[in-house]
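Notes for the one structure printed next.
Chain nomenclature is as follows: A, B, C and D, assigned in order of appearance, with residue numbering initiated at 1 for each chain independently.
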Amino acid sequence: MLQELKEKVFHANLELVKQGLVIYTWGNVSGIDREKGLIAIKPSGLDYDKMTADDMVVVDLEGNIVEGKLRPSSDTPTHLALYRAFPAIGGVVHTHSTYATAWSQAGLDIPNIGTTHADYFHKDIPCTADMTAEEVRGDYELETGNVIVRRFADIDPTATPAVLVKNHGPFTWGKDPADAVHNAVVLEQVAKMAFIARTINPALTMNPLLIEKHYNRKHGPGAYYGQGKQD
Amino acid sequence: MLQELKEKVFHANLELVKQGLVIYTWGNVSGIDREKGLIAIKPSGLDYDKMTADDMVVVDLEGNIVEGKLRPSSDTPTHLALYRAFPAIGGVVHTHSTYATAWSQAGLDIPNIGTTHADYFHKDIPCTADMTAEEVRGDYELETGNVIVRRFADIDPTATPAVLVKNHGPFTWGKDPADAVHNAVVLEQVAKMAFIARTINPALTMNPLLIEKHYNRKHGPGAYYGQGKQD
Amino acid sequence: MLQELKEKVFHANLELVKQGLVIYTWGNVSGIDREKGLIAIKPSGLDYDKMTADDMVVVDLEGNIVEGKLRPSSDTPTHLALYRAFPAIGGVVHTHSTYATAWSQAGLDIPNIGTTHADYFHKDIPCTADMTAEEVRGDYELETGNVIVRRFADIDPTATPAVLVKNHGPFTWGKDPADAVHNAVVLEQVAKMAFIARTINPALTMNPLLIEKHYNRKHGPGAYYGQGKQD
Amino acid sequence: MLQELKEKVFHANLELVKQGLVIYTWGNVSGIDREKGLIAIKPSGLDYDKMTADDMVVVDLEGNIVEGKLRPSSDTPTHLALYRAFPAIGGVVHTHSTYATAWSQAGLDIPNIGTTHADYFHKDIPCTADMTAEEVRGDYELETGNVIVRRFADIDPTATPAVLVKNHGPFTWGKDPADAVHNAVVLEQVAKMAFIARTINPALTMNPLLIEKHYNRKHGPGAYYGQGKQD
């Protein structure tokens, strides 16, 4: 069942390790089959080097386990909240990658100050609000998803496929699991460059003209840029 | 004698190198057999690539050599002080890992500003007080242990398995040697992220609600998080 | 046609990856045959590990495709502007390498504060002006080249073979593609050291005597330094 | 002639690359045979991967070439000045390693703020004065050596085997070429940790008691520390 999706999710999880975004069992990737309304996600607490595609857990959009002998990642309710709220996305990634997590801990949006940022994320990468006592004591992982969704009330999640959960870490998404991992890698690079640039010059400015230009030459109607890639 | 413990301590010492926490012969790991009251520890000044499990030195809780042809690590009295004061721990690690040592040199506790920190260390990671002339001129390595133990007068060493010795470097511990190394790796990552986050935003704040939530979902009575791992 | 140049450009593009200056398909290298007036350049959006020398695209100085089945890099008009304005150069490189891009985002010239900088770049590495609405909405990649060329109105591009395009990233050049990549590697190292040095001491000063000395012992009439290399 | 010394110098030069302290042909190591008064040193501008032990150049203490087909490193006069002034040293290293060079560019001594620093370097690592016009225009590489020697007028070069040449980079030395490289590796680590510590806490303080204790337990009359190593 969903063998192809499970393979994709499995390989996207391994790619997180290969790209240096996670240590130990940290981080998780999921992917969705929109027609069937089913999600494949990494199991909880399993070492990456012992994992196989068959260990991926299949759940429905309400979190019921449909297939799999292991528990799904404890972050599953957050992934599901994103799939329910953002119908265009096909894959979700959560990491504790160093620089993106540090911005989450700093509690600040990552400012859009470069063309690479504009190419991939269009606007500042938003940091969520503090969670309330009710949210933390309630269904915490679900509420983490709700806090993200509320932060995107006036942001297009397709144009800005990343968020920082305050004091926690980043989530990214994309059209499929591999694309979500790609965005996680670029997010970490963007977060690192923004850290260095702000330390050099706290008063830096971005030319707003570049933001629209770079975003549109890659994603706009007359896109002419690297078949959706950067070169 | 204690062959299994010596193997575990040996492999935990090699893991320090593999994880990039030590260069040359820096760093050391020990483990204890609580029933026998004996500790296996890395020998002093031996290159990691020439070391075998049989080179591990066995000492009792007072530091008497029970087995081994080489001298035990010069930090042995510090390890023993921790085993005597913290009866629940089974392994101790000392490194000069880059970011954790820099915080030791800065003389500041590492503030708990993220959920990963809360998952593993519950509270701020404490930095010890300056050692006095008597302590430095006396039995220095033993007094280093005593300074650590005094700093934990009102801290639970099981919940916060790490310390920064001021102007020196970190010690971590755990339920066994491998767990103590795991905590040393996470400490270094937490120290790096806290450095970046504070440089970005010196006025950052942590949501205290997250601290209890994250610590308890992993270690509390109703723990539901990754079989003690993070995912 | 131009088989040797295409091989050189191909290998210079792979060297960018090997040196850690690019991720994914980011970055591009070109080289020129001045006699024929033809340029070989990396194709757009092709993965580095699938690329062969035959994939390099050959264009003339006005950008007409002379040979090749793929589209040339979208940055081709910038490369061509540099070849037209700087007749002594034989290769051009564009990367988003971490520290050089961060200086571009900070919008500041990289100050010449060390002998390595003086050896390779003679003076501060200039950052371009903000692009105007006309430039961004017009032939953007060509105008990026024009902005660079204007910035070099009173700078010798042979002595200072690097530029930062504001909010974008660096371009470097050299006597051939390999030399341009060499300069890109050194630029990234110089950018990293300048970041660290300025963070340590914002009030740092350079001894201007060293600038002429180091530049001239390598490039001047009586050059005696490592056959053009540094040792 | 001096085959064993040439092998040692050759391997010490390769170790610089392996430890990540140099890129391209940057950096050089030499060693001295005090009885014969002859020095073996890396040739100028030769790629590390093409170098053999036989390429090492042998010079006397006045810089006359005694053996070798290639030119000695252009930094040879600096090495010779150090061998003449510091009779106890047997090897010299020059690198442009990232953090140590950044401190040189910052123009500041690296403060002794940790026990590792104290173990290896005893006191602050001194940065030289600005060179004068006469020195720069004269026999520049010799004068670089003289500036270092003057800086050590009241510093023991055996206890503090490292210096930062202002706006240039570090030199280290030791009892033989391998020991000088070991000190170059530790210097880079110490420079990195001091950068991080100072950024975290510009007002940091060192306990002076630790300096003597750590230096003496390793180098003093009753040294008991790791057979001269750190563990």
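Methods note: a contact is a pair of C-beta atoms (placed from the backbone, for glycine too) under 8 Å apart; a residue touches a chain by one contact, two chains touch by 3 or more.
The structure displayed is predicted, hence computed values, not measured ones.
Engineer: Could you name all chains that are in contact with chain B and with chain D at the same time?
Structural biologist: none
Engineer: For the copies chain A and chain B, give the interface type as same if over half of its residue numbers appear on both sides, and as different if under half do.
Structural biologist: Different, since under half the interface numbering is common to both chains.
Engineer: Which chain has its C-alpha centroid farthest away from the centroid of chain A?
Structural biologist: Looking at centroid distances, D is the chain farthest away.
Engineer: Need the CA-centroid distance for the pair chain B / chain C, whole Å please.
Structural biologist: Centre-to-centre distance between chain B and chain C: 46 Å.
Engineer: Taking each chain's centre as the mean position of its Cα atoms, how many Å separate chain A from chain C?
Structural biologist: Chain A and chain C have C-alpha centres separated by 33 Å.
Engineer: Which residues of chain B are in contact with two or more other chains?
Structural biologist: Answer for chain B, listing residues that touch two or more other chains: 198-199.
Engineer: Report the topology of the inter-chain touch graph, choosing from line, ring, star, complete and other.
Structural biologist: ring
Engineer: What chain-chain pairs meet the touch criterion?
Structural biologist: Here the touching pairs of chains are A-B, A-C, B-D, C-D.
Engineer: Residue numbers of chain C touching chain A in their complex, please.
Structural biologist: Of all residues in chain C, those touching chain A are 23-28, 42-46, 73-75, 96, 98-99, 101-108, 130-133, 136-137, 140, 166-169, 195, 198-199.
Engineer: List the residues on chain A that touch chain C in their complex, please.
Structural biologist: By the definition above, chain A touches chain C via 113-116, 182, 185-186, 189, 192-194, 196-201, 204-207, 209-210, 213, 217, 224-231.
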